Amino acid sequence: MAPTVLSERLKQSVTKDALRSYFAEFISTFFYVFAVVGSSMASRKLMPEMAANPSGLVIVAVANAFALSSTVYIAANISGGHVNPAVTFAKAVGGHISVLTALFYWVSQMLASVMACLVLKVTTVGQVIPTYTIAQEMTGFGASILEAVLTFALVYTVYAAGDPKRGALGSIGPLAIGMIAGANVLATGPFSGGSMNPASAFGSAIVAGKFQEPSSVLGWSLGWSHGCWTCL
Amino acid sequence: MAPTVLSERLKQSVTKDALRSYFAEFISTFFYVFAVVGSSMASRKLMPEMAANPSGLVIVAVANAFALSSTVYIAANISGGHVNPAVTFAKAVGGHISVLTALFYWVSQMLASVMACLVLKVTTVGQVIPTYTIAQEMTGFGASILEAVLTFALVYTVYAAGDPKRGALGSIGPLAIGMIAGANVLATGPFSGGSMNPASAFGSAIVAGKFQEPSSVLGWSLGWSHGCWTCL
Amino acid sequence: MAPTVLSERLKQSVTKDALRSYFAEFISTFFYVFAVVGSSMASRKLMPEMAANPSGLVIVAVANAFALSSTVYIAANISGGHVNPAVTFAKAVGGHISVLTALFYWVSQMLASVMACLVLKVTTVGQVIPTYTIAQEMTGFGASILEAVLTFALVYTVYAAGDPKRGALGSIGPLAIGMIAGANVLATGPFSGGSMNPASAFGSAIVAGKFQEPSSVLGWSLGWSHGCWTCL
Amino acid sequence: MAPTVLSERLKQSVTKDALRSYFAEFISTFFYVFAVVGSSMASRKLMPEMAANPSGLVIVAVANAFALSSTVYIAANISGGHVNPAVTFAKAVGGHISVLTALFYWVSQMLASVMACLVLKVTTVGQVIPTYTIAQEMTGFGASILEAVLTFALVYTVYAAGDPKRGALGSIGPLAIGMIAGANVLATGPFSGGSMNPASAFGSAIVAGKFQEPSSVLGWSLGWSHGCWTCL
């Protein structure tokens, strides 16, 4: 009977509505990673001599807030507007979506991120795809705690925005999600990188060819584990 | 019968409601181009020695996000709030408006953009009207891909915001449209110019007298072709 | 009969609801002018050697957008949320409020602006209250056109936001009003000052003791005349 | 009978709904203080040689606006979304919550703030937790007036957003609250510190070990007294 259940579930995962939701996640994650990684590249192009500067932090944080608000909004009534593998993980653990659906969402998000970074690399000749790194004086443990707090804040806000008891307040949910992300990039960008999104960390590491380097792997695995941590 | 149909359609295009919607597009595009081109001029006036700087990018991107949100909002229930010939093109291809209406919208948008740039040129003595240019190291092909992604993101968000199945979420649609535009200016401003709007590219090129120069013509034709591309 | 009508109108102007609306205008204008003039002072304190810089423009524009959105919002269902004598003028000419009510609104707005500037002057020892000035190379005529466009954009957005046919979109009206103001400060701040509000121009000129100087008087009278211009 | 009433009230203060609301205040205040104090540290890390600069002010103000909007939003339909002891005080004086509930809210908010600052201190090795200070040339009286105005503006906006007569406008209340906070940080940050929140002032002073220093104590006691002042 188990194979029947599985095949039944697989069938549910390839209905027209399901495919539409994978596509919505793909599109939203593509736009989000494009804006976030692109704004980081734009900031470096304008101030190449400075590794980081306050205006650059504003650029990346505002791009994060604006892009996440928009992309959560456009996918909200199709796929739920996760735009982030950690959010998908939390929704699967919480029983809001099936594990199979979560897997399809993850593949869509990862593919979208890699493609967004590829487009940026191909079009901006001679520019480097930035990867998420932690500040030199930060310990891996410290960065891990910071990123855990960020991911927790994001997932908590997503859950709060989806609460059906909100009534009229529900309508600004995507803005609240984008804003908490923007605020947290402002708070932790120069310390732990402020990734919060395993997909964008994965895509930029793959395309930059720095997947083997410790800091990127760290960031990538951190994102996943924190997604777990927030659900315990 | 064809002439009858045409005259019938023309008659529909000059009803009071239709004229109101052309006027709404004119006003909204005028305000949008005024704010976007004006903020670019303001940024150059404050930092004339630097071709571009991070704070200047923030100024132009925030002006784009704020102005597009507002101008889409004020025209939303009259003309649909396109404020962009590429959006009008997509809506015509999608069958939401007739080709004739699209033509009238385009004329309104182009006229508004030229007038906004003229007002800026006449009032700010000795200032140059900035035109959209691509970075020196960018190839025309790369810039073309980037602008295509931007226009696609904008048109996709406009379509998503107009989806009647949204319910309460519909109310923040104009903000989502403005925010994706702002995020994408942050991502691509220093690379491809981040125009996304053939009307503002056209108006600034006309008033600056640089219509013959390759980069402007490129930007102008790119905008149109991308509008097409997004509908295929 | 005329005196009876007048006394009748006066009686209507001092009902509990009317007094509440004057108070709402006073509070909102006080908060708005406090934030806008204060942010201009804060920007000058942080960068005293530079007359103007891009970050300073971002500070004043974001303060304008945030403060106007909030203050229009808090007064919206009590007094209509004008927060600006030019808006009150337009509403009076449009027949939405009586001339007598407009007069009481103006007095509330002017008093609030003077008090906000006084609080800022008394508390920040040794700081100068900034007044709205136009750039040296600007002609009075050019600045006048620019400010007319700004005031027109603001009043148009206020009217659009108050349109009862908007439905769900109505809820983000105060944000659209604040955002068009912020975008226009970004566009014209370094050229014409980007006042748009006769009350804040009046208050800062009175408290700074520069009421006699041509540029301030110009700015003050411009604001009023543009309010008129927008209603013709 | 008095002890019975007290025990009855205590029983009401530990119901499941009550505990949920204390937890909501704890979470929201934790996220808010984390973002606000963190963004101040991030700004100092990027520009250590400058005590304050315009971009740093933008960073802290935008973090304030975004974080407060989000955290008020996520707690709004559970605890009312105070996120600030001064707001809780005003709600208690206004009779919207009982004194006992206010005490539990305060403990939650203070604990959350201390924990957020502790997390930031432990994770960012070698960074100093910034405390709220007033500018050298400011008098304690002047700073006190400024902070009173800020707290009054915040509490007034909270009350206005909670007005049930708002209808559709109610949905953007959390944004209006976040925006007035952001605007006022832009206006007074370089003068009085722009705290507005006794919890974040308390937490950062405790964790920085500067609780005995006059300026911090001043800031802390100011916040409380202003909360009172706004209710008279």
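To keep things simple, chains are lettered A, B, C and D as they appear, and every chain counts its residues starting from 1.
The working rule: contacts are C-beta pairs under 8 Å (C-beta built on N, C-alpha and C of every residue); 3 or more make two chains touch, one makes a residue touch a chain.
By chain, with names taken from UniProt: A, B, C, D = Aquaporin TIP5-1.
Since the model is a prediction, treat every value here as computed from it, not as a measurement.
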- line: Fit subunit A (Aquaporin TIP5-1) to subunit D (Aquaporin TIP5-1) (C-alpha, same chain sequence): the rotation, rounded to steps of 5 degrees, is 90
- prompt: Taking all residue numbers at the subunit B (Aquaporin TIP5-1)/subunit C (Aquaporin TIP5-1) interface, are over half used by both copies (same) or under half (different)?
  reply: different
Query: Counting in whole Å, what is the centre-to-centre distance of subunit C (Aquaporin TIP5-1) and subunit D (Aquaporin TIP5-1), each centre being its mean C-alpha position?
result: 29
- request: Would you mind pulling out the distance in Å between where the CA atoms of subunit B (Aquaporin TIP5-1) average out and where those of subunit D (Aquaporin TIP5-1) do?
  value: 41
Message: I need the residues of subunit B (Aquaporin TIP5-1) touching at least two other chains; which ones are they?
response: 53, 55, 58, 62, 65, 168, 170-173, 175
Query: Of all residues in subunit B (Aquaporin TIP5-1), which touch subunit A (Aquaporin TIP5-1) in the complex?
result: 52-55, 57-58, 61-62, 65, 135, 137-139, 141-143, 145-146, 149, 153, 156-157, 160-161, 163, 165-173, 175-177, 179-180, 182-184, 186-192
Statement: Listed in rising order, subunit B (Aquaporin TIP5-1) residues that touch subunit C (Aquaporin TIP5-1) in their complex are 27, 31, 34-39, 41-43, 45-47, 53, 55-56, 58-59, 62-63, 65-67, 69-71, 73-77, 119, 122-127, 168, 170-175, 178
